[in-house]
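Both complexes below contain chain A, partnered by chain B and then by chain C.
This part shows the complex of A and B:
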């Protein structure tokens, strides 16, 4: 026991502190309360992600030994696959729509109803309600609304005596419908973030600006928006991460079609990785998605902290 | 005079903007609900108006179909178990992090918080293999355990910051009276934490109740389907019978909306707690 070459005092100190923690009754909670979370997390989150990195270098169907090492082949194939390009491009379009359509809409609504009155609360609940609906249910509702025989477009085309327009099956419009549905479903969520931030803006600042004769627009631009910039950054971050993971909504609406033009990264992963059990290929897509998320997270951190330190 | 007129105009513009957006939010939901009362023919000619006659057949057919209740029951089992496990595992872990200083605490916390960085879609293929190799395919546990694992990171953050705000004197007093860390957790910390338990629980519930991708890859047996899987299968069966599909959708979103109205306080608290404080 004492034959180790480690310096004695350190070991003694370590043992002593463990003994002290035991005496204080601290060891038991550490060894009883932490393991469930750590074990579950390791088995179902960390291990699969590490595995994804490993599998992505093999060609494998998920059965038998993992032997067919192909190096970066999966990634090379991925980067050449036009449908993957399309799904990246779609994610990019979703990000742009979230930033330049959804967030402004959410901000406009937040500015209109952030004060605490009962009418405002009612509007807030209405705008936020789509957020808690299941994506699948939302997709089904909107696939009815956009159905060429039944929904909105059917009414419009019939009214003008035009040919029926199946926008969900039309390459020109299909992805626009997905953008519409996503804005519809999530703008209330961003609005709630903005409302919480706006309510924490100190009212004396706003009163001071008013007394100085600033117009409402100037107060919004020069007082309110700068003061809640952290919430805007956070909301943009959520919008980007959300856009990268869209899946459930696409399935009932277009199922990735027509001719694979409306895939998101995750639906691409699902169809070309999991459904066809291309474990290596699917893992490679997962690794790409992982890096996109990490880049977004670091970008957000730099933006949020960098600006914060400058102030 | 002029000032009053502009303020009147702006109030009207505000009301118009709010009503327009509210209508755009409500109309699809209303059309869905009403659509369940219409025949297919009527749905085709007037999808957005009130039904000519309220036909309860389609709703009735679904409610009398045992499969619908099986789906809901399965979802309920999965969601409630996920909520229970999430609350238990993450509150215990957060308690240790908030209450006890020990070597490695910081790195263990950063390790668990990695879970907030990426969506579980990144690893669905290996996750599927993992669940298969453990032998939990087609088993509710195959959904419950990963679901819990992925919602823990956020839950731990919320719990930890709440536990830190509880008065320190309380623990000192209890400790002097011979109450240990574990006893204190169950006798004092948890009962004092009902608001945060409700917030985390509501979030975990909504997440699990609405989850589609995870059950999709784990559950194959129709008898095990959660309702999002069931509804998609239903859609495949009743391709053109939109009234049946709309009735089915209405019956599943109705409880969600009621649940939302009851718990919205906690949902909003979770959102703002999680976001504004970073």
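This part shows the complex of A and C:
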């Protein structure tokens, strides 16, 4: 009885804050600027996600009406499919390579060339250039480099009188090659983030450390890195999400082969969903990928960023 | 008053002009990117000629690469932006499109005289459940092309290759002579199926493939289909393909063949132009190029005269403008079919137009097709996207030794069951 007569504190708080926002003139901009963004987000993000979730329950080629409801069959098939396991493992390897190869390399380069000199600027440009290249162009360029018949690899092997080398045709090396290309392409991007952060480290702190007799290595470890930890966390987040989305480098380089051994989750979705006209199944892969991204994003926020710390 | 008169004349002129534009009908055709530049030019030239003869009709061709074409089509067909007609490789995907009611039944729209000019296999290819949905344009036939100079070096007589055993013996001889027996584009997978598919045709026969596709006698997981894998494995065991073949795409493989890297290549007749264009020298192997029909398999149920390849044409969409059929009939009339044959673009599907074929080798390929008791569509078309891709996958995996013939048969059957 007493509970029903008590005013709802949350409701009161909510109404009060709305009134306050109205009084401060903040309500009108929300009503004017929020709906367009919300509508676009709903049409281009929420709606396709809901649609994909719906399609994933059907066996559907993309033609005609959705009639063949199969429930969770597509997901069951997915979990049993060895190539899906391989793609998942490949995406995981890409995440690890991004975190433990790409980011340390980017950090090392950033520490070497973050000071503002003309030589450093030239190096920055050189290291950042691969990031500007379109992914497909990158894939095509590297597929020419690794071409054992007519490419750069062929010229090198011929020059040294060695047997022809077909790196991308060999299951043992094909995915390692993809990792190498991805690290080469994206480390410059992370390096730029680190350079921007390093340049904002207060010079008086560095001088204080030097006066106290800290070695260059200790200055990096105990002063610079802690002060740019926000940039490292941001960079790692981009690296993880980027690794989950790798697609257009793989197609021109290996097309997922040899023997479907170099698919990422997205190229797997493309090949087994779209190319095979199996849209229901492809949507099931899309739903899994969506949940992986959501779990990664929230998990990362909780674990890496922690309370009170922002990116 | 004078100003008013000028204004009225101007308004009338604008009205007439606007009406003239409004009266123009645009026929939109969606095509996959043609294999050769000449093919694309030919299509655009015919469209221009048609427009000249029919000033109120404009024909617009859109070209998309193969993969984008296949990926975009389902969405496009269900949107108001759908083309009036689009290219088809016929087979299982076409049946699926016809089943959804997105295609226009032109059985009664095309008159009997026009129908009679097309070869029966062409009309059959564009028909589903006895109804005609499109206009056939050409056929392809995949024999095995060879480099005579390399065969001579290894003392292999191509005329003596009649059976699969003969072919395997020829590959062994070439290998022993230090010559790469076969050039193949393994990266794309489907070129490898140009051995696997014809082998299935020779061993099961067209009826056997159709029965397996219907799920009879264990579907594809049966002794005969396992034998297809075993026979293919006999070839693989010779290690006949060029080094790095799994990193070689189709176009590059034809270039390698044109550079004289390997002795055999299963491909359609367009290899004659393509091996030259894709080769390093730009000349290819010229007159050293010739072909043998796919060899017979001893004990196989298929007729050795059966051919393997494509029936390609144009499908008309449900609400297509009536002028679409008129244009497609023009595109495939005798004159244009003769011209396309003369240009070596394809094997014309209109009866009596094979005389336009200039190259005697292409004429012989066309003759094989004409005499064939059956013409089997490429398996990745005939069996639909899911089973077709599974066939290409198992062919590639058998070639690398990833799977056994038994696993290959089981994988294709699994794909058939989930189709």
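Quick note on the criterion: the second predicted complex is superposed on the first by the 250 of 311 C-alpha atoms of A that agree within 3 Å, B and C clash if a C-alpha of one lies under 4 Å from a C-alpha of the other, contacts with A are read in each partner's own complex, and residues count from 1 in each chain.
Here is the rule we go by: a contact is a pair of C-beta atoms (placed from the backbone, for glycine too) under 8 Å apart; a residue touches a chain by one contact, two chains touch by 3 or more.
All of these numbers come straight from a predicted model, not from anything done at the bench.
Visitor: Just checking: does A:234 make contact with chain B only, chain C only, both, or neither of them? Give me first, second, both or neither.
Guide: After superposing on A, A:234 lies in contact with chain B but is clear of chain C.
Visitor: Name the contact category of A:169: first (chain B only), second (chain C only), both, or neither.
Guide: Second partner only.
Visitor: Could you look at A:303 and tell me whether it touches chain B, chain C, both or neither (first, second, both, neither)?
Guide: neither
Visitor: Just chain B (first), just chain C (second), both, or neither: which does A:220 touch?
Guide: In the superposition, A:220 contacts neither chain B nor chain C.
Visitor: If we overlay the two complexes on their shared chain A, which of chain B and chain C does A:109 touch? Say first, second, both or neither.
Guide: First partner only, chain B.
Visitor: For chain A, which side has the bigger count of touched residues, chain B or chain C?
Guide: B
Visitor: Quick one: classify A:99 as touching chain B (first), chain C (second), both or neither.
Guide: neither
Visitor: Applying the touch criterion given at the start, work out whether A:149 contacts chain B, chain C, both or neither, answering first, second, both or neither.
Guide: both
Visitor: In the superposed arrangement, does A:41 touch chain B (first), chain C (second), both or neither?
Guide: Touch partner of A:41: chain B, not chain C.
Visitor: For A:125, using the defined touch cut-off, is the partner it touches chain B, chain C, both, or neither? Pick first, second, both or neither.
Guide: Once the two structures are laid over each other on A, A:125 reaches chain B alone.
Visitor: Do chain B and chain C touch any of the same residues on chain A, and if so, which?
Guide: 62, 147, 149-150, 274, 279
Visitor: For a test of understanding, state which residues of chain A touch chain B in their complex under the given definition.
Guide: Listed in rising order, the residues of chain A that touch chain B are 17, 21, 25-26, 28-30, 32-34, 36-38, 40-41, 43-49, 51-52, 55, 62, 105, 108-109, 112-113, 123, 125-130, 132-137, 140-142, 144-145, 147, 149-152, 154-155, 184, 188-189, 192-193, 196-197, 200, 230-231, 234-235, 238, 241, 244-245, 247-248, 251-252, 265-266, 269-270, 273-274, 279, 282-283, 286-287, 289-290, 293-294, 297, 304.
Visitor: Write out the stretch or stretches of chain A touching chain C in their complex.
Guide: Interface residues on the chain A side: 59, 61-65, 77, 146-150, 164, 166-169, 171, 254-255, 257-260, 274-279.
Visitor: Would you tell me which residues of chain B are touching chain A in their complex?
Guide: Within the complex, chain B touches chain A at residues 14, 17-18, 21-22, 24-26, 28-29, 31-32, 35, 43-44, 47-48, 85, 88-90, 92-93, 95-96, 99-100, 102-103, 108, 111-112, 114-115, 117-130, 132, 145-146, 148-150, 152-153, 156, 180-182, 185, 206, 209-210, 212-213, 217, 228, 231-232, 235, 242, 245-246, 249, 252-253, 256-257, 259-261, 264, 267-268, 271-272, 275-276, 278.
Visitor: Touching residues of chain C toward chain A in the complex: what are they?
Guide: Those residues of chain C that touch chain A are 67, 70-71, 74-75, 77-78, 93, 96-97, 99-102, 186-189, 243-248, 252, 256, 261, 280, 384-386, 389, 393, 396-397, 400, 402, 418.
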